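The following blocks contain the structures, represented as structure tokens.
Each of the next two complexes has chain A plus one other chain: chain B in the first, chain C in the second.
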Partner chain A sequence: MDTEARGATAAGPRAAARRWTAATRALFGEVPAFGWLLGALAAVLAEYFVGRPLARALGIGRIPLLFGVDVALRDPWLLPGTVAYMLLVYALPAAAVARLSVTVARGITERLLRLPVGLSVLVHLGLLYAGLHLWAGINDYRLLVTRLALIAIMVTISLNVVNGYMGEFSCSHPGFMALGAYVSSIITVLFFVHDSVLGPPLLPTAVGPFLFPLALIAGGAAAAVGSLAVALPSFRTRGDYLAIISLAFMFIVKSTIENVQLIGGSRGFMNQPDWAGLPTVFVWAVLCVAVTNNFVRSTLGKALNAVRDDETAAAHMTVNTRRTKMVAFVFAAFWAGVAGGLFAHVMRYVNPGTFGVQKLAEVLAMLYFGGLNSVIGSIVGAVGFTLFSEALRPLQIYKWIIIPVLLILVMIYRPTGLIAFREFDITRLVKPREKPGKVEHVAAAD
Partner chain B sequence: MTFFLQQVVNALQWGSFYALIALGYSMVYSVLMLFNFAHGDIFMVGAYMGFFVATGLVTLGAAGVLALPSWLILALTILMAMFLTSLVGMLVERVGYRPLRGAPRASAALTGLMIGIILQTGNLALLGARRQTFPGLIDVTSYKVAGVIVSNKALIIITLSILLTLALHQFVRRTKWGMAMRAMAYDFAVVPLMGVSINTIALLTFGLGSALAAVAGIFFGMAYPVLEPYMGLLVGWKAFVAAILGGRGSVLGAGLAGFLLGFIEIFVAAVFPSTLRDVIAYSIILVILTFRPYGFFGEPYSAQLRL
Partner chain C sequence: MSRKPLVAVLALVLLGALVLAGCRPAAEPVIKIGINAELTGDIPKVGEGTKFAAELWLEDINKAGGLEVGGKKYKVVLAIEDNESKAESAAAAQTKLITQDEVLVIVGPQASKQAIPAGEVANNLKTPMISPWSTNPRTTENRPWVFRACFLDPFQGPVIANFVTQEFGFTKAAVLYDIASDYPKGLAEFFKQAWEQLHGPGSVVAFESFTTKDRDFSAQLTKIIASGAEFLFTPQYYDEVPLIVRQARQLGFTKPIVGSDSWGSAELVKLAGRDVVGLFFTTHYAAAGAKGKTKEFIDRYNAKYGYVPDDVGALTWDAMLIVQKAIQDCGQITGDLAKDRQCVRDAMARIKDFEGITGKMTFNEQGDPVKSAVIVRINEQGEFEFYKSVSPTGQ
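Take a look at the complex of A and B:
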């Protein structure tokens, strides 16, 4: 097939690629999201049951934790085995199940569509969670990476509201995270943990996990209040000076925490209870994505874009620019604070040094890698960046040359990120797919 | 009183680093409307360049191959480090920023952050995590004037920094190159139509800024002779804030704001516990920016991110 395609036209490889795309589309075009989720579930089930013996048989020894990149980088000789493992355990079951279940999946999706959309979304999310749970359950490291990736999604999406949708260059997100992390940690440790500084628990530990969401919300609220320090100046100035103000805010938060000895100062604060398991983090991340997605698609969310593109014009179109800016900052800070609280309880240790310039570079990288003005872009950016930077760990220090170079390349060739300015329509995602070739759905509807 | 004057001398020396680095930030920011977040790390590169040149010259002198007087070694170190670092700066512009000329400014800012990380990591990979000790280039003598102790090192640092700030100011004001830079700060779009090459001016801006950062790096090495790859983070970000505080398009403003930041920090540290330095310094900056959102010498302009 390859030689034939090359002989046919001058643009041989391109024609072959097009043929391949057409072939894949003919095969998989009808598979709805439900089918892919089933496929993913099949893949992780395959890994769960035969992963270990297969890895041993292929000579890798143990299950490659992050899609084989980590193994192949540690020992290049294991590359063939890793590729085989990936094909056998992930690609093959996923593709086969997705393809074979087309009819079933379509039937189920259509039936689900008759019910309220929310229910259909819930079923999809349940499948997604099942897959994630099995995948992350293989070992503790995967569990940690998964939770960190979910938290990264929350941070990136909330940053996108300010930097992408509203078009400011805010650098204060690490500060918001720090506020959320410390406030929620203080609450949980003060009320539910016997701490050497904060004393015995004030409430029985048993009720703790149920009140944990309240602690997180309190953290988010603290961050939201803190964000007023950035939001209020944003009425008077925009762009560069706001960037400096937000930067100053970040440094102020960091060094204030460093100076409060009661919560450990620069040594950090530990003893957080272990309540941020995968289910909790997953639910919060889903909540954050859903709420943000609805927010940016609402009238108020569209006002963000109006303020970004032309503030004066927006004001003349009866957009209340002050309220819009205020809401955007408070909203973004709240979710950053919640994410910070979850982060503190996942790591079970925070120190102010975590929330400095390095964190800022990291969240900005996730945002601009994924794409501005796009919820799905933020998800891709956060997950991609987290997995990538974990998978490159075997390269040690050279990781921090490769990742920046890649990001610079992304910036040069796609200055607004990989998936920018795209709406995330959940209802279309859960619908059954049309037969390929009938109606071409263009992804961006707006 | 003596205490106060002593702190003034300290503040002038500490502010010199900020001022010299802020000049580079400010120039790039004025001319190209760009946050050059890599500039703090260019300062680090400058310090290391100075370290290499100085160590080389001192070793040559010790080996008896080329015995130079210490003032000449210092002068040569400064000049060669300026030259080498400006090459690095121009390389950063050519490779990192020029391809992004038409891109949103936030992308360029992120690129700057990433270039900074590459410079830090590159240093770490090449030289290892070991800290380097900057050679003592001149014999330190201290003078006591009215109870205030001033070392010749501090004198050199302060005088040269002020002179360089003024020289740069004159360069921007009087020369044709400077005029081209001011024109670009005034209107980015029209200047190329006047036959001025954006790329040449951009290279010149980066070269000049990096050379000044190199001087700051050498001075820093002379005053606090321990070099490490992340030294740019500490000083660079504050100098950046100082540059913005000075106001866009104002060389003197950036220099003054640099010295002001030095004064704030030294006096805060003199009165309060030194761990509170950053909190108070940044809070003062926040207050200043709230009341003068365009900096000391900047003019209000439509600060729109080109997204």
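Take a look at the complex of A and C:
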């Protein structure tokens, strides 16, 4: 983009940038989501087949794991090689395939449109998963980071329901995660694993993976029940009071677990079976996004916004404010609990210390970085924050200067987060794009 | 709209990359050692000690022109990762070190909260790991690839109980510990068990707890004083011990206070001043009056970084030397990482009577060292003075 801007200094950089945007839009404007997914798949396939030899030829040795940031930070001499790798392996195939497959992609999307929307969405998700699977399959580290990012998405979205859509400030999410993590872990270990404390498995291990979802749901349910302990006494008040009560709840959960010897106390609980692979975590994350998205766009979700903006007015508009808030809070706690259960089975070890103030700060950062009142914002926030904090690893302590500065910048220039107050319309996403006529005209005149 | 600039940029970048790649000397075989440390988060001092000790070790290797394995010298590279004192971050860092940096062996993490999940990763991916400081039995339990360099709490508890019994002849003990932190809690329980075995049930007359970050212990201390205990055992960290000791003295508790290896930080005396003079605690090594290799290490560390190393630094130093010995015992570096890692692990498991600065070590089948504990006394100058050594085989 820089060269382009320099080449057109006569018209000023701003005009050049505008022309560049117009040109990009002319080129890619009609590429539907399907086309982009195909492009991403092509990029990942390119990496899968030629990534290693190409990385060696460019002198970076190994496939850069998180878009090359870690490689370039560790050894600045490798920066050109990394950029070249990114262009050749990711940008070029993705752009080329997305552009060239426009007609095909449009045809497929149009055909899919005649079928139920759900099916179309499923096809898109299938493509997305295929890309993700290949990308994460390159390396165990990517696999772990991907799973943690998906779990972060679930936690952030569920927190967004309370802090964004409902407009309260709740601090109890780590507590809900802890409840979910411990309850689902105890169930899986008690029933399916030979443990030194809980004894031999009560059920054959072979059926375990099939009953694992039930364990997760039980974890979510435990968190939901726990959330009532916050909701019942505190929903008569607003604002700071809820924040304080929910913070107290988080500490109560942490201290309680620390004092229960049977599940390891502060030494933590381990031996969880290895069932939270990428497919499992992906399915749950998608489920969470879909259900939450439907929830916040439903009448109840709109009522939630009404309660946030003016509770008295909402009550006069026949909104049952108490019930609305309660449902939303319990709903959010449930998903935080499920996410906690998955987290425990990804790490295969949980420790009450994990679910403390540090976790809370992390989740809040993801939420406010991504954007309030927006499902897509939460996804961006969770993934962005996770990737940032992993990619900046080579900077060690300085990472904790850069990330807070970034957060401050976001708060100054976009006080509600990067992508706040935006609806995530899945049906629009899977539709074919129309040819951007006006932009086409500009591009033709160029 | 012209697309020429884009193509030009692409070509330029590619050309530049290839030229740079060509200029770089062909990679010579190196030995990569991963360090997974708590550089940020709750316990940055621990991470710093780890890093410094490891870098000091690397200095020695570089001075010698590399690490000699099977008659050939190899350059050694340290890959240092910060685990932010978080369990999930420790696992991610560990995975990255193993799969991306392709390290031969990993030293760290230090705290059990991080070492347990990281040990799981190392064991699954078949990479030898040694945690210098983690005392939780589960770190190495049923994990053939995971080792540690320190003694465990089930050993330290009885050592303290025996020492107090023999030294002072007391029969009534009081314990004050942090219930929310796994290390103090575990040790408090092991001590209680050992004490009651020696003096019968009920001989621990006060077993009081508090929660991390508590700063006022007067309620617990009042109970302890009222219980008629003859001494107080508190396995707490250096930031809490000064408060506990000072508040105990203010409340009129004049009897001895005994501690554990978590006391062993230079910060302790800085914070507590004269209050802790004359007190005893068990630890891995004694800095004051050290001789030979131990003194050499302490002096070098002090000269370079400006303070006497904590036990974390000393244990990391020993862990690095164990790693060095294992690599050298292995005899050859084939370049086949899986084979080399297996070889280093086997060599590490075979190590016998290793003379470290924190004592003589032999690994048992769990990967835990059988080694002596040291009892130190805080002398008038505020130094940790060697008092007695207790071997695991008895007195």
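Observations on the structure shown:
The working rule: the second predicted complex is superposed on the first by the 424 of 446 C-alpha atoms of A that agree within 3 Å, B and C clash if a C-alpha of one lies under 4 Å from a C-alpha of the other, contacts with A are read in each partner's own complex, and residues count from 1 in each chain.
We adopt the following convention: a contact is a pair of C-beta atoms (placed from the backbone, for glycine too) under 8 Å apart; a residue touches a chain by one contact, two chains touch by 3 or more.
Note that the coordinates shown come from a computational prediction; the quantities given were computed from them, not determined experimentally.
Once chain A is used to superpose the two complexes, chain B occupies space that clashes with chain C. More residues of chain A are touched by C (comparison of chain B with chain C).
Of the two partner chains placed by superposition, only chain C is touched by A:83; chain B is not. In the superposition on chain A, contact of A:400 is made with both chain B and chain C. Of the two partner chains placed by superposition, only chain C is touched by A:65; chain B is not.
In the overlay built on the shared chain, the residue A:361 is in contact with chain B alone; chain C does not reach it. In the superposed pair of complexes, A:258 makes contact with chain B and with chain C alike.
Shared contact residues on chain A (touching chain B in one structure, chain C in the other): 254-255, 258-259, 397, 400. Those residues of chain B that touch chain A in the shared complex are 29, 35, 96, 99-100, 103-111, 113-115, 117-118, 120-122, 124-125, 233, 237, 241, 244-245, 248, 273, 275-279, 282-283, 285-286, 289-290, 293-295, 303-305, 307.
Within the complex formed with chain A, the chain C residues making contact are 1, 5-6, 8-10, 13-14, 16-18, 20-22, 24, 27, 39-41, 80-82, 86-88, 91-93, 95-96, 98-100, 102, 112-113, 116-117, 120, 125, 136, 138, 179-182, 185-186, 211. Residue ranges on chain A touching chain C, taken from their complex, read 3-4, 7, 19, 22-23, 26, 57-62, 65, 70, 77-78, 80-81, 83-85, 87-88, 92, 139-141, 144-145, 148, 254-255, 258-259, 265-268, 270, 343, 347-354, 358, 390, 393, 396-397, 399-400, 443, 446. Interface of chain A with chain B (complex): residues 163, 167-169, 229, 233, 236-241, 243-245, 247-249, 251-252, 254-256, 258-259, 308, 357, 360-361, 364-365, 368, 372, 397-398, 400-401, 403-405, 407-408, 411-412, 415-416.
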